[in-house]
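What follows is a structure written as structure tokens; I'll ask about it next.
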Amino acid sequence: MTAATATATAAATATAAAAAIDELRVSDVTVTFDTNRATITAIAGLSAVFPAGSFTSLLGPSGCGKSTLLRVISDLVQPTKGTVNLFGQSPHEARTTRKIGFVFQDATLLPWRNVLDNILLPLQVGGGASITDHADPHELLKLVGLEGREMAFPHELSGGMRQRVAIARALICKPKILLMDEPFGALDEITRDHLNGELLRIWQTTGTTIVFVTHSIAEAAFLSEQVILLAANPGRVQEIVTIDLPQPRELSVRDSMEFTNVAAHLRRVLEVC
Amino acid sequence: MATISPVATRRPAGPAPSRKRRHGGHRFVPIAGIVVLVIVAQIVTTAFSIPVYIFPAPTDVFGALISNYPLVLTHMWPTIFEAVMGFLLGNSVAILLAVTFMYWRSAERMVMPMAIIAHTIPVVAIAPVLVIMMGSGYTSKIAVAALVCFFPTLVNMVKGLRSADRQSIELMQVLSASKTETLTNIRAYACLPFLFSALKIAAGSAFIGAIIAEWIGSQQGLGYLIIQTTYSYDTPLLYVVMLAASILSISLFSIVATAERLIVRWKPAEDS
Amino acid sequence: LPSTDAAAVDSGAELTPLSLQLGWLIDDGIAGEAVALSKGWYEDAGIDLEIKAGGPSLDGVALVSSGASDIGQLSSSPSLMLARSQGIPVQAFAAGLQKHPYTFFSLEDNAVTEPRDLIGKTVGVQATGQVLLQAVLAANDIDPSDVTVQVVGSEITPLTTGAVDVWTGWATTASIARTLGEVDKDYFEMALWDAGVQLYPRVYYATESTLADKPETLATYLEVTSRGWEYAYANLDEAAAAVAALAPGLDTEIIAEGITIAHAYEADGSGTRVNWGTMDPDVWANQLDTWESLGLFPNAVPALDDVINTTILDDTKTTRVKISDEL
Amino acid sequence: MATISPVATRRPAGPAPSRKRRHGGHRFVPIAGIVVLVIVAQIVTTAFSIPVYIFPAPTDVFGALISNYPLVLTHMWPTIFEAVMGFLLGNSVAILLAVTFMYWRSAERMVMPMAIIAHTIPVVAIAPVLVIMMGSGYTSKIAVAALVCFFPTLVNMVKGLRSADRQSIELMQVLSASKTETLTNIRAYACLPFLFSALKIAAGSAFIGAIIAEWIGSQQGLGYLIIQTTYSYDTPLLYVVMLAASILSISLFSIVATAERLIVRWKPAEDS
Amino acid sequence: MTAATATATAAATATAAAAAIDELRVSDVTVTFDTNRATITAIAGLSAVFPAGSFTSLLGPSGCGKSTLLRVISDLVQPTKGTVNLFGQSPHEARTTRKIGFVFQDATLLPWRNVLDNILLPLQVGGGASITDHADPHELLKLVGLEGREMAFPHELSGGMRQRVAIARALICKPKILLMDEPFGALDEITRDHLNGELLRIWQTTGTTIVFVTHSIAEAAFLSEQVILLAANPGRVQEIVTIDLPQPRELSVRDSMEFTNVAAHLRRVLEVC
């Protein structure tokens, strides 16, 4: 069998397997990085399932491979081993058909575009112009509390403002799968609570599948249907916790006993990660 | 204010008269340098009574300028035309090639050696061939001016287009942006410092190229005047012509610098 | 003739240094010097000769006038007149050939054998040759607008490709004949001299002060060099080897051919032979008139006495060798 | 693997033979370009039976190379010496000047116009002054080679030293770092892409400069050979000489490119 | 009076006033930024006092001027109006005498230095070589949990790892005044709690004056002696809250009633900022 045939066969098999499922499925993914000194295993044999329309948080110690996992799902990193299947598509297909929205851990704004133009970017490239069902940029600006700063350039913004612009940018084209890497990390609690609420509202109304990296146990417990707890060195699944709090959730749910219990459990697991 | 400090990196608003004053003062610095140079040249040539046909004193050059400026002016226009056209052509081709390399990496490996060859060929050696191929009109001069602008811009552009921040590139990948979109939205901006550096280099090169090309087959232009003045040992006029060429170069350089200042507006000034 | 080693060492201390700045590269144009140098004749005569190459962008006048070199050799006499007109205190004191080998070359379809044949032709000249063509046209009452001037580089290609009908160069450059020989067509020559513009090539010059201060050295130099040329014409291969020794890489055959061609230019247009180095003041006076009438002196028109200094020639009238009619 | 994608930005470890293969293949691309060019030239010259004195066929050039290579080799050494020394000198001066500008901004405003003037002066026009000042030995050739390297490096370095990321500069300010420390710890690294671009440009320029300088009163070097072959209409040998000059340029260019790859190790490859 | 005399007099006055105090004092500071479109007032007439050896948190909505205030204190931004006095020194003097350590909101590592060399930077520049009483870099690496990654380059690290390197770098030369701009924002709660405890320990043993920007109300309440609550548009002091929890604090203090009350109060104030 020639190399070309092998590749074709592999692709065909993957597509066949993919067509059958309606979820985002990460199967036995391993990612290693070659450095000059050593080979680092960022993720080792990680498998997880993200049902369609679910809200999943990734929780784990710094360096456990959360960002790397999001990058594998979004086709920015090729896994050394294992496969990813997004509702029947490969990451490459999902990416090129604009299924994925990504809020990076760093805001990654384009310095030469002002706030509004940064938010509009997804509608201007990669076939974004044909997305008719997009959000209203001015609504989004209001949502993230940046009305009146449309014309500001990134270097004129505070750290939290930049992060909010990045959030608005990811929301503009209403992606089917939303990968968020600590999107609210640089925000004060009030703004964060507000955006948590808004995110839940958006999630419920659009049916987006959300994979959400956070360091806040409370945030994970409040937002998610399931929390995947990752352990580090190498990155692997420690435990998957399903959060059974009622939907739609109000901020007040955080004062409930169930919530406190869930959070305490997550904390206990994290402590051994 | 107690906090008088030289490290104001972002100068806040409000009255800052000292800054404006400083700026106004600096306006004369470039001229000051030249003035000092001219005075030194005058003193040296006078003190050692260096003959005018070896190195003319600034006063001799000035005298030659006064009596010949209509001539120099007449011959300036063809050179300006050739240099500016060559500047536009050479830089455009370099930019287009560098852009092509972004789409087709093998092209870079294939073309780069040839570009170096083109850069190494002494223009004077191939100028006659160019004249045969393109005649002794403007075309051959523009071609030579373009050729000397070409390589530095190509090298800088190739680097500049690849100097984009990797995170921005990944952002574009997630958005499934085409190469063209990444190019126009990211790389085009990232390469601007490299491009403007290259254009500043090309500003002078274009005039050199046009002048050298005029040596080979021309009846007009500053290059022709240089040959004529050299041949007739009119050293003061030769220096006037070189001065004219320098002033033209400096002008084109300044235009590029101004364009850069007008275009790259989003960056906070690094005032260190 | 070759001195003993001891004598050479002894006289070494008393040698008068003399530097010759060429207006061109080292080539067959200094075969006489090369021979005399290789034979040690300058040393025998008490001169330590140093030859410095010029080139397309260095004719040497500035170097001689600044004192960086003692004497110079210019390719063509007009340069000297122009330099003098700009107040550069240099004077010609000898001519290397009696007739200028600058020549108009053409191919059979567009043969140019006399000046009037130039009418209607496209003439390729080097930037520095433009005035020479201008002089030819003026000397023959040809309207410059009847001739198309094309400034070309040093390459002969414009002629061989037909870009120009007439091309100019030095007949002593043996490669021209060789290259034109490879073309399927016959080629024709018309010498500048025969076209009515009589210039001197290989002009030796020095500053007024050098001429005044070192007449003996310059006289000796001319004597020895004339002997060198006499020997060179008689021993072409040896002369070529001597030139090649100064400029490694030169093709000795080409040099030998160049020397052969040059022999014809050791006699003036009338065929008269004179002692090597002689200049006719009348020829110079004519040149000055021609250049003045063409308006080629932007500044002062130099006087004949400013341009040439014949005292050295006069002092060596008999001691300079006359080149034999035969090769 | 289902995820076969062209956008692998960080290639993970593990067996990746295709990458190595690809690399190995690309190794021949630069030669391929030249080979194609040579073959085309051969076909054209043969098919149209273009005479050798107009455009020599590659076989003619090759023949000239075979019969003259000791000559070309002999004349290569002086040129290499002059070009490399000029390369080192010109770039060193440019780097030092650019560094000086970081300490003393007025110096930039004063020197820059003079640098442009130096860049615009046609070397051959000032040949006599050069020879009077530096003689016709190696010095004047090295000076000219240095001069043509100088300006592009200066412009790129001035830009590169100021291209440091503002946050790093602020970090250094908080640490009360001196200008020198900021220079050696931040700017020196930030300017490397600009510097290496400049050195790549200078690689070719140095040889051009040396060759042009050899036209001024020299009896050795490739520049001398070019004049010599030009005036003896030895077109095949002329092409051999230009080829030799190009190969030297490409070699110096490759050395710079290799140095860059060895020095700039901390950057993730942008494999787009 | 000439301009020069005026400046000299002002400086003299400032120095005289400065010499008298033993605290970090921000007096009536206003900072405005000129942009192409508008002039933005980031801070308006802000005054605050940070006693020697105190631990103060800045809490406030995104964009209220927290980072700007730290930048004014550290002499990176000149106030449009008002003065800052650091234990008798101007910001410029304090900066140039290496009194200040700064953890930036972005990690700001030098890409060409590996982890260890990044941490060592403060000892290598700005007279840092003469600092004999510096921390042990390997201890710090252990403190921030990066033992074994000394040789890694920044681009090979996760976001949280980069932030931890930046923290270690700020601690290495034991600065008198430590300005920390959301230092733990990208860290998981376990690591964060650990580093909170370590920071308190370091603060108590060294007597450093710490100004700490955070978005976590709990973190502010747990760490600080005083919390300065800032309101936005323009940035100004909303309230200064003194936290009277006993010292030294254990993590368990967070379960106390007093803590809950303090946190609730902070939250209430923040909601109106």
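For reference, chains read A, B, C, D and E in written order, and residue numbers begin at 1 within each chain.
Going forward, a residue touches a chain if its C-beta (ideal position, glycine included) is under 8 Å from a C-beta of that chain, and two chains touch if they have at least 3 such contacts.
What you see is a predicted model; the values in this text were computed from it and never measured.
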{"item": "Selected pair, greater C-beta contact count between D-E and C-D", "value": "C-D"}
{"item": "Chain separated most widely from chain A, comparing mean CA positions", "value": "C"}
{"item": "Approximate Å spacing (C-alpha centroids) for the pair chain D, chain E", "value": "48"}
{"item": "Distance between the centres, which are taken as Cα means, of chain D and chain C, whole angstrom", "value": "40"}
{"item": "Contacts with two or more other chains, residues of chain C listed in rising order", "value": "61-62, 66, 153-155, 157, 161"}
{"item": "Numbers and ranges of chain D residues touching at least 2 other chains", "value": "7, 9, 124-125, 128-129, 132, 170, 173, 182, 215, 230, 268"}
{"item": "Overlap residues in chain A, where contacts from two or more other chains coincide", "value": "33, 75-76, 95, 106, 153"}
{"item": "Touch list for chain E against partner chain D, complex", "value": "74-76, 95-98, 100-102, 104, 106, 108, 110-113, 121-122, 124-128, 153, 155"}
{"item": "Partner chain B, residues of chain D touching it in the complex", "value": "7, 9, 26, 29-30, 32-34, 37, 102, 105-106, 109-114, 116-117, 119-122, 124-126, 128-129, 132, 151-152, 155-156, 159, 162-164, 166, 169-170, 173, 179, 182, 193-194, 196-197, 200-201, 203-205, 207-208, 211-212, 215, 223, 226, 230, 238, 242, 245-246, 248-250, 253, 268, 270, 272"}
{"item": "Touching residues on chain D, where the partner in the complex is chain E", "value": "167-168, 170-178, 181-182, 185-186, 189, 266-268"}
{"item": "Footprint of chain A on chain E - complex, ascending", "value": "33, 35, 37, 40, 59-63, 66-68, 105-106, 145, 151-153, 156-161, 163-164, 181-182, 185-192, 215-217, 267, 270-271, 273"}
{"item": "For the chain D and chain C complex, residues of the former touching the latter", "value": "51-54, 71, 74-75, 124-125, 127-129, 131-132, 136, 215-220, 224-225, 227-228, 230-234"}
